[in-house]
Structure formats: C-alpha cells, structure tokens
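What follows is a set of structures for review.
Common to both upcoming complexes is chain A, partnered first by chain B, then by chain C.
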Partner chain A sequence: MWTFIIRRLLTVPLLLIGVALITFLLQRWAPGDFFTQMEMDPSKTTADLLRMKADAGLMKRVSTDTLVELSSFRTAGSSFSFTEQGILRDGQPVASTDVRTELRKFTVGLRLFEMDEQGAVYREISSLEGFGRWCLGALRGNFGLSFQHRRPVFELIMERLWNTLKLSLAALVIAWGLAVPLGVLAAVKPGSLPDHLCGLIAFFGLSIPSVFFALLMVLFASLTGWFPIGDMVDVVNYDSMSLWEKVKNQVHHLFLPAIVIGTGTMAGYMRQTRGNMVEALTQDYVRTARAKGLSPNKVLFKHALRNAINPLITLFGYSLAYLLTGSFLVEVVMNWPGMARLVVDAIFAKDEPIVMAAVMVGSLLLVLGNLVADLLLALTDPRVRLS
Partner chain B sequence: MHSRSCPTDRGHSGRWTVAFLATLAVACLAATPWALADPQDKKPGKRRIVRKKQTFPEPKPDLTVPIGTPSPAFVGEAPASAMKLERTGTYGGTLVYAEQGEVDTFNPVEPKGATSQELRRLMFSSLVGYSNASWKWEPQLAESWSVSDDKKTWRFKIRQGVRWNDGQPLTIADVEFSFKTCFDDRYKSSIQDGFRDEKGRLPMVAVEGDDTLVLTTHDIDSQLLTHAGQVMIIPKHKWAEQSADGTILQEMTNACDPGDLVGTGPFIFQEYIPAQKAVFTRNPYYWKIDARGQRLPYLDRVVIVLVKDQNLRWQKFEAGEHHVVMDIPGDHYREAQALEKNNRDKYQLHRLGVNLNTYWICWNLHPGSNKDSGKPYVDPKKRYWFNNKKFRHAINHAIDRQGLVKSAMQGRGKAIWGAYNVGNKLWHSKTTKKYPYDLAKANAILDELGWRKNPDDDYRTDDQGNMIEFSLNTNVDNPIRQQMGGLIKEDLRKIGVKVNFQPENFNLLVDKLQDSHEWDVILLGWGAGVPPDPANAKNIVLSRGRLHAWHPQQVTPATEWEAEVDSLVAKMDRELEYKKRKEHQDRIAELMTEECPIMYLCSPNAYSMAKKSVGNVWPSVLRPQVTWNIDQLYLIDGGR
Partner chain C sequence: MTNSNSQPATPTSSNPTQPPRPVRGPWRTLFLRLKKNRIAVVGGWILIVLYGLSCFAGFLSPSNYTDGDSQLSLYGPMLFGGYHIIDAVDIETDADGNEIEVPRVLVFEDEYGEEFEEAEKTREWRHFSGGITFTDPEGNFTFRPHVYALQEVISYDEYGEEKYLVGIDPDVRLPIQFFVQSEEEHELASLCGWFRIFGTTHLFGVRAPKDDERFTNGDHVARVFLLGSDKSGRDLFTRILYGGQISLSVGLIGIVISMGIGLIIGGISGYFGGWIDVGLMRFTELLMAIPGLYLILTLRNVFIQDSMDSRETYLWIVVILALAGWAATGRVIRGMVLSLKEQEYALSARALGAGHTRVILRHILPNTASFVIVTATLYVPYYILGEVALSFLGLGITEPEASWGLLLKDAQSSEILKYSPWIVIPGLFIFIAVLAYNFLGDGLRDAADPRAVLGKKG
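Let's look at the complex of A and B:
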C-alpha cells in the first residue's frame, strides 16, 4: 500500500505543472488582460497603465542601456534608434515627447515595445517567459501578488478558505446525513410511497440549478423574514454578541446556503445509495441471510448496506475534491465571504496570480481526494488490493 | 443514476407526483410575481406618468433637532479655525450601506479602485474638496487659496489647530511632506501624472511662513485644484522614514493595523474583513462644526457592507438592513418605486435625472493599413462611405434615440446628442447639433448622394455599385448595449442600410480599437468622473489620444477640424476662467457633432434611495450620490 501511495504522490508534481501550464496559457491567449478594462477609461494615462502592467509582471521597464543596444528600426514611416543622449529619428535627435505617438508601440525583431507619454519604454513579456517566471517563483513558494489587491495570493486565499470550508462541510454533512438513510429507506420497498417521495426529492435536487435555488432562497428569506438575506454573520451587530449568540447567529446564516448546496449533492448520492441497495437486496447472500432467520434490520444494515456502500466511498472521496469549488455560484449569490467571490472575480478580471493559485489548490485537492477514496475503499473492502 | 429498478410512475403514486409538482410550481410562481414580470411587456397604449423634475434643496439647519450624545465622545475643543457648516443634527447611531467593490488598499499615495478611493475619503482629507451638490471646489484643510496674476503660483492657507486622529497637531510640514511624497519619482501614480504638464514637469512645492503651501507650475494648469484635491494629507510623524527609504507603498494595505491609518478625515478605520465589511468610528478630533457650534460628524459608526451581487444589494436595502442604496440599476426601479409608494413615511427615492454616462456608436475612420499584410484596416468601399460626412448625418437621422431609450432602458433614460448631456450642469453645450429621428430626411440625403435603393431587396447600393453593408460590434456581456445594437440594425434597415450586428468579448473589442483597428462600427459607452470636467476626456478628443476611437494616436492631426479641436483643448488647459473654457468647449461640441465621427445616443437615468430617518441627505447625480457628505449625515430616532 505504501508503494501505491508514494507512486501516486510522485505523479502529483507532473500533473500540477501540466495543469498550471494549460491554465496559464489559456489566460494569456484569451484576448486582453487585467488592465484592458482600464484602457477604456479616458482618465487613465498610458504612463499609469504601463506602470501597472510592469508592476504586475506583464511588461518590463527597459533601461536606456538595453535600448541603446537595440538595432535601429523603422516604424510610422521613419527610422529610429536610441542613443545615450536620446532618440534619433532619421538620424536627427528628437525629444521623446515629440515622438510619443510614433513610438507608442513598436517592434524590434519580434519583441513588442511600448512607450508612455513621458518617454519611458517597456517591453512585453511573452507567455512562456511569463510562465517560466511563475514556475521559478512557485518553486520558491512565491505565488506572486494579486494584480488587484497587491498582496500575496495565498494570504488572500487563506483569509477566505475557512469560510468556504465551513459552508462546504455543513453541506457535506447535510448531503451524506440525508442521502444514506433516505436511499436505504427508498430501497427497502421499491415502488412504495416513500420510494416515490424520495425519488421526487432527488428529481428536484438534481434538476434545479443551484444558482436559481439560491435566488429562490434569498427571495424566501426576504419575503418571510425568517432567515437572514445572505452574509455569513450579522454584519452590524456581530461584534457585540456573546459567544452563544454568535454561534446561533452563524448557524442561522449557514442554514440556507448549506441547504442549497446540500440538496444538489444529496440527490445524486441518494439515488446511488438506493440503486446499490436495491441491487444488493436481490443478491443470493441476502436471501440466505433472511432464510437463516436473521432480523430484517441485521440483514439490511450488516449484510446489504456493507456491500452496497463501496461505490459511495469512492464518491465520498470525490466530494472532498469539490470542498473548495463546489459552492462557488451559491457563494456569489448569497454573499458568502468565501473563496468564490475572490476567485470568480479573479477569473473575470484576469487576475492571473489568484487564478493560478486557486487552480493549484483545487487540483491538489482533487488528487488527494482521489487518493483518499482509493485508500478508504481498500480499508473497507477486503477484495480490493492496492499495489 | 436512475437505475433500472425504478418502476414506472403510474398508479396511485402518479397522483402524488402531480400534486407535489403542482404545489411546487404554484409556490414558485407565487413567490416571484415581480421577478418574472418583464417590464417591457407593458401595453403599448398605457400612459406613462410624466413626473415633475425632482430637485434637492440644500438641507436647512433646524435648531429644534435634539443634540444627543456622541459615543465615542469628542476630544478637546474644536480648533478655532474649524470649518462651519449650516447644518444641525443628532449625535449617535450607525449608518449602514453597501459597496459593490472590494478594498484594494487603504494607501492614499497610490489610489486604486473606486471603492478604495471612496473609503479613503472617510479617513483622510485633502486641501480642497469637490462638492457634489454645488459642483464646485470647496475649502477643506486649506482654509482658502489664491492664485497669482500669472496664474502659475497657487497659495493654499492651511487651517490652524487641526489634529490628526492620533491627537498630534497637523502642521504645514505634514502638508509639504504629503505633496513631496506624491511627487517623489519612486512613487509614480496617476495622481502624480495628473500634475505633470505637456513636457512631463511637476510643479514646485514650497512653504511660506507656517501656514501656506505654495505650488508653482511651469505652465498654467486649469486642473490644478482637481489634482491637488486628489492628494490626501498624510502624517509626517508617522511615515517620514518609510517615505524616505522608498517603502511607503507597502504600508497602509488592506491588511494593515487600524492604528496605522492616521488621517484627518471624519472617521477612523476600525476593522476590515475581506468580502464582508469595513467598519469606521467617529474621529474625535474632526475639524468641522455645525450651525450650533457642535462638532461633526454626527454618526458614531459607519458600517460598509461589501456586497458583490446587485440583486442582493437591493434585497438587503428592501429588507431594511441598509440605510442608503446608490446607483440603483434601471431594472430595480419598479421595486424601488413600489417600496416608496407603500412606505411614504419611511423611504425616499431620489430621481436624480440623467446619468452622466453615455452610450455611443463610433465609425472607424482609420486611413492606415496593416503593416504585415498591407491590407487596409477598413475595406476601401466602406471607407468611402464612412468618410462621407453626409452619410454619417443620414445615419444619425435614422437612429431612433427615443426608441432606444424606450426599449433598451424601459424609458428610464434620455436621448443625447453630445458627450455632455443635460445632466452635466457645467458642460452641456447648446451648440451641440441635433439630428432628430427623421427617416424622410435620412433617405433624402442618401438619395441625393446617388446611393439608390435596390428595388429587389430594398437595400441601397452606392454610386460605385457596392451594396451598403457593414458590421456593428458591442460587448457581449452588456445586455443594454446588445438590445440597442439590435434596434439600430432595425432602424437602419428602414433606410436600406444593412447592419450585421455582432456582439463580441469586451477585451477583443478593446484590442480591435487600439491595436488591430479592424472593425467597422462599434457601440460602447463612456463613464464620467468627478468632477465631470472635459479635461478628463482629453484622451478621447485629442487626435493623439489613446481613446480617440475613430482614428487613435495620430502623429499629426489628420483633418483640419481635429487640428482645431487639439488647439482648443490646449487653450482650455491654459485657461482658469470657467466662462472662457466653456466657450472653447462649446466650439468643440459644435465641431464634434457636425463631424460626428462618434454619435452619442442615450444616457440612463440615475437613482438612489435612502431611509427618511437619515438626516441632511443632499443627493447628487455625481458619485457617491448620497454619501458624499457623510460627515453631515445623521440618524433620526436611531435610523429606524
């Protein structure tokens, strides 16, 4: 078993590099970057934009020495070259402010350069160079600063990780706590009223999109006033509450979003449980057990359920992988201060460092979740051998 | 997942299924009557109530208002030079409202997003401040200011006796320090860029006596007050070392210790929880007083809830959780109206008139070609039409702007003709040329050009035999623009012009506008800044501007009229007097609308709403609409 674990873990770095490369290139190849939105703001100067891009590592300020080493080039109908003293246009010295429009963007060789209003020159950093830099940083544990927040990305993710976990774990408890008993109940007598009711619940949970369900719940909370409208705690009064009130307040806020996420996942697990149970109950050993005169409960829980539960354990492992990402849309709709708002915002805004870090964490969890699922299976089912 | 063991749902349980589904459907429908109702589905014949324009007078002092007790209490006495405001109010209470963005940083040296900029106004003060209600620069930490006869030397007289929120006195050295840090080469920022003149030079900073800061510019700068108003005064006793060794930008981040945010603003930063809230308490040393000589601010605390989702922001206000909601989108207007109607004593909806943001379409008039392929950016046959001013005028007459407002904005907007609509009190020009919806006129212009309609399909061909057809792009994530694009397509169909409407990814559009230049017509919008001065739009009107969308970044002005606009803008930059600047602006507006390379279409209305229990509300179309005078707001009966 240990060799299995070690072998599995050895594939992780390769997998992560692959995922990182794809994520990085997808972001770079899609048009625009984090600063594109700002380019359409008339009050933003080019100097400011280029400076921000350089801070973010999308461009690099080029020193005069490097510029002087460039060969002369043609753009906008004239030939230009840089010297220690300044810029030459067709051999004549010119002030940088006079040629700022001609030299706003120019290419030498394959490199793209940009100049701002004040004559500062920047060069573009290519996707592969950018990825190389990111990898080098990541190896040293430096995942970069968020473009928007100007803070280390893991600091930002950690701030919200616990909030997301709180919600996902609550949803997980609801999902599994309901799925297994309801699934068993439905399987005992297929076609009975409880079975159909459970089927309906599953049908509802599987078919309703979580965003819509979340919106309905917000509406429900707003119309009845029984539950708070979004948020994780009472934003205004939370600080002045006693410990017991704080716990109550948190649970009160947790209820609706956990139900929304829990119902969706619960439905699938419940159908799975039911299917497995129904199948197990038709097996020969169940008939034998019944014929032996064992009590129905013993047959159900000791013989049938033990055998039916294996595929569920695999599912449970997968559900660990979605702990961080499964609640994204609901978090946005219900204003849950978890990772989702950070990451969804980052994806739309193309805040690359946050997206990269979040994808890395997500992939790592997926791999570990699978590993846990395999190990659990080996533990519970003596027929499975890991090697 | 539905495994084979599932029997068919016939028999007695089938009825249960139907009953359950029916209940569910009824419950959903009952819960969402207005969510499903589409405001567009209104009967065409229904009469719209024309509302009288709502005006918002300055709040008057009322000496009968109880004074209340401030908690936390004020410290010491108000400075002798305290700024007196004609207001009264009651101390106490917590004002709660929502912001959509996140706090990037609290550092005032390097301002970031709109939310960060708004929040730092609570904690810091500048020499002068812009009043959203009077549309004027008003004294803040500078008691008064003056400008020399050559209009290059500005003197700001600093208020004496003001204290930082840590109790230390504010001196002229702090003010000088703040400006020097702002002008430091290591701390390049948009604020610093603003001060730079055409040649990239910064003003000189000097101190006269112990209360006057002198800024001397190399050229006359009409926007000096705007730039100076951006510089937040920061304490030298706290940051001298960090400013000297180049690390001040790493301070005052959104993870900093509250004690680090030493300022002279009306509130003190207390707590920031990412994605949840930012909490502020009264600055006990604040330097403004009211009509009764009571110190400001009235509010004990301000809680700003960070809400990303617009629906949720509205729901929370509707449920009474927040006191104020700003920038209400048009699609929440009906709910806002209903809330006001049902609770007249509790809520007031502010109909602020037309927003300063604009929607427009722009023609690609770029004469260049792709450097690699040699292909012209604009197909020569299209270039022939686009560069014909009469053609552009005909199109301008053919677009039903009222129709756009009615359909895409549910009537909650206004047709506009120039960059500054009537909502802009200072810069709306009467010289703006209007092109009222007139199909006959549009058709006549095109007929006169000899671009005749083809009898088969009713589309026009030009005098060279090319069918008139071009593409119109907008960004796919904006539903209003998408709807407008569809309507424009229909409108132009009526005069025989074929439009291929293609919404695209926003970033792709920006790339087309700025780099590839391969587009025909684009539908987009501009946002407005505060103050809404034409100087903010230089990037658009100057021929070398990055956002001179129809032909950006010209080396020399391509046409005579663009050269004239350039020279007018240069004149405006060097003119301090509003009247003269307005004359130049009027001429620019006339030129721009005569040539119409960019055709302004419409602007949405602006709405905000507040509980009536918030006193001294003086809303403005400029952002932040209600909380711009937060140091004067107070809560009546605790804000219920």
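Let's look at the complex of A and C:
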C-alpha cells in the first residue's frame, strides 16, 4: 500500500513536467505572441517592444562579445558582421542607424535576432531554453508575471482559485447530497414511479448542456428577479454589510451556478448509486438480513448501502479531480469571477504565464484526484490490493 | 465474425417438418435487441430527424442564412405571437379612485414655434396573436397559414429622441406559400456542408406582392420568423438548421477520427507490448492529465488563426476535438487487444502464417467493434459540446457562418437574453441532440451487453 502511494506520488512530478512541456511547446508553436498586436501600434518603439519581450522572457539582450563571435552572415542581400567597433556591411563600417531596416530582424543559423533603433540586439529564446527557465522559476514558486496584468501569476491564480473552489465545492455538496438519497429511493423499487422519475432526472442532467442550462438560469433570474446575475457578491453594498448579511449575500449569489453544475454532475452519481444499490439488494446477505427479521430500513442502510457505497467513494475521488475545470463554462456564462474568465482571457491574449500556471494547477488537481480515488477504493474495499 | 451469416445453420430442432431457424449474425442480434428498447428507438428517430433537417437546411428554411436586416433585429418568434404597435398609456387613478388609462401624449414644437401633440407609441408582445394566423386578408378563416407584414413605426420617447418600433401591420396579411422560388440560387441540400446541391426553391416562405407599393418602397417587409430573429435580423430558424450542419457533423467526424487514432494506437500498443506499449501509454497518461477544456483551448491557439475561412476552421475544430479526446478510448482498446491477442483464434492465425497487420486488422480489431460502436455513440455528445464550447467562447466557428454554439453566443448579454428569450432556442436543439445520443447510446450498450436483461434497466 505505502509503496503504491510512494510510487504513484513519484510519478506526479514527472507527469506534471510532461504536461508543462506539452503546454509550453504548444504555446510556442502557436503563431504570434502577446506582443504581436503591439508591433502594429505606432506609439510603441521597437526598443520598448524588445525590452518588454526581454522582460517577458521571450527575447534576450545579446552582449557585443557574443555578437562578435557570430562572425559574418548574409541577410538582405549583403553580408554583415559585428566587430568591437560597430557593424560592417560588405566589409565597410556603417552606423547602426543606417542598417536599421536591414537588420531589424535577421537570422544567423536558425536563431532569430532583432535590433532596435539604438542598435541593441536581442536574440530569440528557443522553446526548450524558455521551458528550462520556466521550470527553474516554477521550482522556486515563481510562475512569472502576467503579460496582461503585470502582476505575479501566482497571486492572480490564488485569488481566482478560491472563488472557483467555492463554487465547485458547493456544487459537489448539492450533487452528492441529492444523488445518494435519490439513487437509493430509485433502487428500493426498480420500475416504480420514483424510479422512473429519477431515471428521467438522470437523463435530463446528463444531457443538458451546461451552457444552455446556465443561460436558462440567467433568464430565470432576470425574469423573476429572485436571484442576482453575475459576480460573487453584491459589489456595491457588500462592504457595509454585517457578517450574517455577507454570508446570506454570498449564498444568494452562489445558489444558481451551484445548482447548474450540481445537477449536471448529480445525474451520473445518482445512476451509479442506483445501479450499486439494485445489485446489492439482490445479494444473499440482504436476503439473510431480511430473513432474520431486521427492519427494512436497517437492511437498506446498514447492509445494502454500506456495500453499495464503495464504488461511489471512488467516484467521489474522481469528482475531486474536476473541481477546478468542471465549472468552466458555467463560470463564463454566469460571470463568476473564477479561473475560467482568467484563463479564457489569457488564451485570447496569449498570456503565456497565466495559461501555464492554470494548466499546471488543473493538472495537479486532476492527477491528485485520480490518486485519491484509487487510494479510497483500496481503503474501503479489502478485496482491492494495490501494488 | 460476420461470415457466420452465410454459413448454413445446423438444425437444432428435432422436428424435421419445421425448417431450422436461420442463425442470426451478431449485428442482426444487436439490431433486434436494440429495437426492443423503446427509448433507444425514439433516440434514433430523433437523430434521423435532426440530421435530416440539417441536411436539407437550405430547402426547409424560408430564407438565406446570411440574409439579415438590422431593422428586424431581435424580432420575436411568429409561432408564438407578434409585436403589436399600440399607443402608450399610463395608468392613473381618477378622483373616484378608479384606475384609468391615460394615453401618453408628447408635446413638440415645430419649426414655427407652434406646439403640436403626438401620441407616444410603444410595442407590446402578445402571445398567440399577431403571429401565424389562419385568416386571409379579408378576415375569413382559411387553412393556409398567413403572417402579418412587418412595418417600422417611428415614435418619440419622453426626451424627444426618435425610437424605431418594428411590429405587425394588423391590416396586411400575407399567405405562406409553398415551394417559393427565390431570386438567388442557394444551397438546397448538403452532407455536413459538403456535396452541396444548389437550387432556388424554399419549401415555404412569404413573398411581397410585387404591385403593392407599401412593400416596394420599403415601408412594409414580408418575412417569416418562425423562431424569431437574431441580433442582426437573420431568421433564427434558418440559422438553427444551418448550424445543425456544423454542430451535428462535428460530432460524427470527430468521433470517427478519434476512434481511428484510438484503434491504431491502442491496437499497436496492446499487440506489440514492450517499450512501444510503455511509451504510448505514458503519452496517453500525459494527455489525460491535462484538463480537457484547457487542452482544447491551447490546441485551438496553435491550429486556428483568425484569417482562416470557415471551412478550414471547421476542419481544425474537428481535428482538435479528436486530438484531445482519443486518449481514453485508446487505453481501453489497448486493454481489449491485450486480452484478445492471447485468444486461440489470434494465435492460430499467427501460426498459420498471417502477418501482424493481418492479425490486428482481421482478427483482433473486429472483435472490439461492439465496444467501439457503443463508446462512439456515447461520446459523440462530448464532441458536439466541445464545438459548442469553442464557438460559444468566440474561439470556434465565426460569423457569418452558423453553429449552435455560436448562435448561443448572443445570449451572453443578459440584456438581450431578458428581452429576447427566444435567443436560447438553439440550446434546446443541442439538448435534444445530446439527449437523443444518450438514449441511443444507452440502448446500444444494453443491446451489446449479453448479460443485460432487456426491457428492464439496471
């Protein structure tokens, strides 16, 4: 058991590095970057742009020594070389301002160089080098600065992470709180009216697209005015509220999004509960318990449910894995200030550090959730041996 | 496996007068078992109808899917009613305490300084009135459905600002005609936007009378908006039908590609084992460790550029969804292949000198077929929803094309949603499609499971 845990835990960092590498490379392969838009902006000089790119870790200032080591290269129809004194074009010394357009961007070997107005040369940081830098930073807990917000990514993510978790946990409570009782109810008499109703609810919950459901709820809220739309709290009055009112306000805002996510996930759990219960109720030990004259409730909850709960515990572990990403679209539709908005905006703007950090947090939760699911299964079911 | 159809049946009955029952092949058995499941059959029929609707979108729809008119923006669904233009009234209490309606009158000054009064107009939605009607222009009952002509009325609000109200003209009714010829050629039918057939016929529609000058000078408009119009004044019903072409086919093509990759990778991995297996499986684990939507969004940035045309974008969406989704099926297929390759028939095929490719393709993969079909049916909704998510976020199909996700995008503004709730109708179609796939998939799973007792769930 312990060796299993340790082995699985050891694979977690490897998986995470792999995930980080894939995400990083995918982002670098995507054409253009955060600064592409700015290149069109006439108010930004090349020098500003290159300095920003250097700050963002996309380019690096090259010292004169390194440039001299490049020896001569051909670009724009002439051969150039850098010396201690300046730039030579076809062997003739020229001022850096004269060759500004010719040497604005040039490649030597496979490496891209860019020169700004003042003659400062920057070189592109290759994907693998960039990834190495990112890894070193991440190991020290430094996920970089967001390009858009110019704030540490870690801070940004932590702010939003808690909001998303709050929503997901509320949805989780709703989902499990409804799934188990309804599943048991449906299983007691298969084929009865409650069973059919639960089956209907399950199909409904499994099939309704979260976007559509969320939109319907927003419509409902705006038509009745019973629930607030968007945001987590009443932005205007929240600060002046008493503690009790604050809690009430938060729950009020949380209710609809949590219902939307909860119903969607509840359906699957309910089906599983029902299936397990139906199976458990046909087992010999249940018949024995009934034959001994135990009350139906005792048979149901003490004998059948306890045996039916095992696969559910595993499922619970898996549901932890989707805490962060399961609410994605609902957050966007219902304007919840969670991770989803941040990530969508970051993807739009190609804000690399945020995307990296968000994917990392999401993957970590996914991997750990799966691990917890396996462990829970082993803990509750003595027939499962982990090795 | 499928050869058993043609083999002569061995008679099991001892009664020689009764002809032996033919042995059913596995597919026939699956189909017969599926047919007993009423819900699955319903699901299947719904899907046939939905795919049919989208294939013949051009023919079935009353207008072209890009035909918009900003004046007709967000007009309500004519199936359920219409906008009436009425005089605005304020409710006041008179001296006796009764509530009376007082027309809201605005006072303006004309250019000579003379004051004049004008009643403020407003528009009111009435259910089941002003929409599709069964009265002809003379006011008699007919079986031919009619719609009212739409007109634009200019009125002023309390600040003197002009406001434009689009509503029905209760005096002008136009018959809905069948097999209307349009002036421009448009698509009649297509398979997911390919193999298009062009023509000029619409199944139904309204035509503005040519000699009526109210229509020729633009005061009146003849349009039929069964399910309302969108933000740009395009017919939502038409756009839903066309949107189905994209949204429904993404699921089918996506699942074929993804199952294909899953079968190849899973087959190779399970059959050859060893380092290939370890390498491929670690890779699938990696892919599965990235949250699905994040992976889809990141891949989207790599493959889709804003400069691409709609057809290219569509293809890349399918590829992206397939790339993000094959890993799970690949792993299951690997597991199946792992056990199947030890079966006697696979070993004997090898012993008879069949090559690896032949054993994998002819002996092992066909035995995963029922799993593949069941999983494929159950997974199609994820691809449909994936496209919906991408387009909804503005990262997938773009205007002026239509897809169900893109149509829902307009509903993101709660202002539009509140006053034009029909804008969420495309979501209903997504829901129905996903529900139908779940019905069918569940039925298929039960039918393919030899242990399942049919007719009783659980």
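Quick notes
Note that in this section the second predicted complex is superposed on the first by the 370 of 387 C-alpha atoms of A that agree within 3 Å, B and C clash if a C-alpha of one lies under 4 Å from a C-alpha of the other, contacts with A are read in each partner's own complex, and residues count from 1 in each chain.
As a convention for this text, contacts are C-beta pairs under 8 Å (C-beta built on N, C-alpha and C of every residue); 3 or more make two chains touch, one makes a residue touch a chain.
Just so it is clear, the structure is predicted and the values come from calculations on it, not from any experiment.
Touch criterion met: A:Ser207 reaches chain C, while chain B stays clear of it. Contacts of A:Leu88 after superposition on the shared chain: neither chain B nor chain C is touched. Comparing chain B with chain C, more residues of chain A are touched by B. When both complexes are overlaid on chain A, the residue A:Leu371 reaches neither chain B nor chain C.
Touch criterion met: A:Thr23 reaches chain C, while chain B stays clear of it. In the superposition on chain A, contact of A:Val278 is made with both chain B and chain C. Of the two partner chains placed around the shared chain by superposition, neither chain B nor chain C is touched by A:Ala138.
Shared-chain residue A:Val286: touches no atom of chain B or chain C.
With both structures placed on the common chain, the touch criterion links A:Leu215 to chain B and to chain C.
In the superposition on chain A, A:Val359 makes contact with chain C only, while chain B stays out of contact range. When both complexes are aligned on chain A by C-alpha atoms, chain A residues 30-31, 190-191, 199, 204, 206, 215-216, 218-219, 222-223, 229-230, 274-275, 278, 332-333 touch chain B in the first and chain C in the second.
If you check the complex, the residues on chain B that touch chain A are 1-3, 5-7, 9, 13, 16-17, 20, 24, 28, 31-32, 35, 94, 96, 102, 104-105, 112-113, 188-190, 193, 196, 198-200, 253-255, 271, 273-277, 303, 305-309, 311-312, 315-316, 318-319, 321, 505-508, 510-511, 514-515, 524, 526-527, 529, 536-540, 544, 546-547, 553-555.
Those residues of chain A that touch chain B in the complex are listed here as 30-33, 36-37, 39-48, 51, 76, 97, 100-102, 104-105, 117-119, 148-151, 155-156, 159-160, 190-191, 193, 196-197, 199-200, 204, 206, 215-216, 218-220, 222-223, 225, 229-233, 235-236, 239, 268, 271-272, 274-275, 278-279, 332-335, 337-338, 341-342, 345. Taken together, the chain C residues at the contact with chain A in this complex read 282, 285-287, 289-294, 297-302, 305, 381, 385, 388-389, 392-393, 395, 405, 408, 411-412, 414, 417-418, 421, 424, 427-428, 430-431, 434-435, 438-439, 456-458. Residues 15-16, 18-19, 22-23, 26-27, 29-31, 187, 190-191, 199, 203-204, 206-209, 211-212, 215-216, 218-219, 222-223, 229-230, 274-275, 278, 322, 324-325, 328-329, 332-333, 343-344, 347-348, 350, 355, 358-359, 362-363, 366-367 of chain A are the ones touching chain C in the complex.
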